[in-house]
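The following pair of complexes shares a single chain, chain A, combined with chain B in the former and chain C in the latter.
The block that comes next holds the complex of A and B.
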């Protein structure tokens, strides 16, 4: 059976969701040699409005380039969480930015305050997307942390490498904590990590 | 050759440069902006020229001028800008000036849906400018194909002295895929044929065996007249029926005689298909998936993907119409290519349309559902 992994990164325009989509696609496609397709959907506004980016990762050529049933959903605001939760497949991973998402549709959701972490620990809200990217690496094995690190360094503006690497680390740390809490909630949910 | 993650628009930029494009004039518009952005950066690096014009009318005028001066020229736009370019596209057709126009379709009419995909400009790309005129329209489905189609577009425009339209859609233009760009030395690049006789012997629109006159660059010592009026072989306006008719016929025939070269299709599992899907652009990808799913369930489905939309690849569609019981035409418009399919089908097969205009791509499930319905 061929392997196809679908991730949707959603939130509002300006949160950097398309950028982390590109980074994920680059990590999986260029650094790990898989087939990837990254698409996006956004409104006509420069900021605000809904924004989403999708990454399909496969070991064979990708025909349909958009998501059909999500393996992972990142929701960086309430709207996108409400709108896309139902596109998750059974046992799909729901990651929410609990800074903005207060009503969470399932107790199995992984709640991490990405924006709050970016603001308080890194001093810049703008890197919330990279914090989320760090967390994503902990809930899937389609990309390794190492590839993601390399892809981040390729794509972020010069002079911001350090803060972005720290953001990635904070995301990984927060994800590990969240995972631990989740493990207590349900021992059977995560097979092994 | 190193693998890169590129957008369709970025691949078009690379294709244009590989084909020898050295002049771009345009007015950026979503979802084609990355083409202008990319060429603004890259053209000066290779000694080319990028100009941001005041609007799309002028953009089209500028690339015609640059092409007359000998440069391979291109512009890129989307629906609203494409409408404004129509007048000068007609001029390029009539005066036989090679140029490439990229139209990345978005929802329309008017300013429509700037960031959403559509396939609503299929008929406009053929008949947007008035009068009987030759035109070639190509539609890519993958990022890699964006590169190759752009090279092809320049080759066709140079070979046949005609404007060529690359009709993309937002999904393909903005999608990123892993591509390995080919070595430029390995690509076939065609340049327009230039006159070799002394300038005083040059007859700019004189017919020849190919039906495509040699084209002198302005400033190269060959003086000639260029007009949008129907002209005689020297390029001056004429109203003599015995000059008009051969001119019009040559204009149309230079394309019609070369359909084998120009018409590109990509058949997938059509050999024994009882249900054939005819699709193009991003929708062809959904259709391919639906065909694979249908085959898994023992349904004999196939896909005829059209790369060349105009001149409409009639012989290929006739062939599938002959053998299939049903043809399904999914499109992100109210039915534009399906009309052509019906026209050439002539009752051979059942032609079913699947149209979607809600700004979302047609999904594989929707195509598959249609296949199940018509079984």
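The block that comes next holds the complex of A and C.
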């Protein structure tokens, strides 16, 4: 049975979604030797400010490099969350930046304030994308943290390696907390019903 | 009749082919409002050092975002030239960096020493990709120079705007010379035969 994993990274232009798409693709493709296709699409809506980047990871050559049924959706703003959550497959993971996404259109989502973390813990909002990338590694097992770290170091501007490594760590930490809360919630749910 | 234009940008990892793919895509998609899909693919050969990036530009939504028959191939090294020239369609444009590509596998190619120009005219080999991008604008009319300039300014690191604008200009200049030489050659060809 062949394996195909689809991730869409969405938000506003300027939130660095293309960069983390490339980093994820290089982590899986170059460092883990998988087949990967990474795509950006633009249409007449491109000026509207919703930016999206897709990564497809497979164990065989990818004939159709466009996402059809998302295993994971990262939504860094409300518009992209509203626009794309329908494309998630059943049990797909919705990961939102709760700094900007307040209305969750589905019952199950992981809410982490990526931009707030970037601002308060790292002093620079611009690394919110790398915080999100750290969190992504905790909700999928298609890439290892080590491969993502290597790919981040290849791609970020010289002199910003340290802040980006710290951003990755903060994302991983926040994702672990979110997972722990989910675990507790589901435990108490089963106790009370 | 619908319009579809396919460009593949190929060479070694590190030659900045993904960046110019994104710039071309944003020039056509954001600044000219076309439908655009821009893709990077990785497979087990990714460690081998051939890097490739594709841009598909269309006047309608792109269902299949993978190049099938190239209108233009940029080859920045010999390996990528050898590997991909078969994918060019008849009368497709082969544009090579003659700094590294010495054997041309077909009778018709545009040879410009992008890396040499970057080194000698701009003092930095790293902008060879932007020199090539300037040349690309002269061999296709799917994007305007103005849109490409805007997209370059959006994407290059702060502080490097001037060298990148100059790199674009040198690429345009070299492409104009190459076109003029081609024109003279074909003129003398028709005279002598």
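The rule we apply is simple: the second predicted complex is superposed on the first by the 178 of 193 C-alpha atoms of A that agree within 3 Å, B and C clash if a C-alpha of one lies under 4 Å from a C-alpha of the other, contacts with A are read in each partner's own complex, and residues count from 1 in each chain.
Just so we're on the same page, a residue touches a chain if its C-beta (ideal position, glycine included) is under 8 Å from a C-beta of that chain, and two chains touch if they have at least 3 such contacts.
Please read these numbers as outputs of a predicted model, since none were measured by experiment.
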Chain B and chain C placed together on chain A: clash or fit? clash
* Quick one: classify A:29 as touching chain B (first), chain C (second), both or neither. => both
Applying the document's definition of touch, where does A:157 land relative to chain B and chain C: first, second, both, or neither?
second
Looking at A:39 after the superposition, I want to know if it touches chain B, chain C, both of them or none. Which is it: first, second, both, neither?
both
Discussion item. Just checking: does A:178 make contact with chain B only, chain C only, both, or neither of them? Give me first, second, both or neither.
Written reply: neither
For A:68, using the defined touch cut-off, is the partner it touches chain B, chain C, both, or neither? Pick first, second, both or neither.
first
In this superposition, the partner of chain A with more touched residues, chain B or chain C, is C
Which of 9-17, 243-251, 297-305 or 315-323 hits chain C? In chain B, it is stretch 9-17
Intersected contact list for chain A, partners chain B and chain C 22, 25-26, 29-30, 33, 35-44, 62-66
Within their complex, chain A touches chain B through residues 22, 25-26, 29-30, 33, 35-44, 62-66, 68
Per the touch rule above, chain C residues touching chain A in the complex are 13, 18, 22, 25-26, 28-30, 33-44, 46-47, 61-66, 157
Chain B contacts chain A in the complex at 3-5, 30, 114-116, 171, 174-178, 282, 285-286, 288-289, 292, 361, 363-365
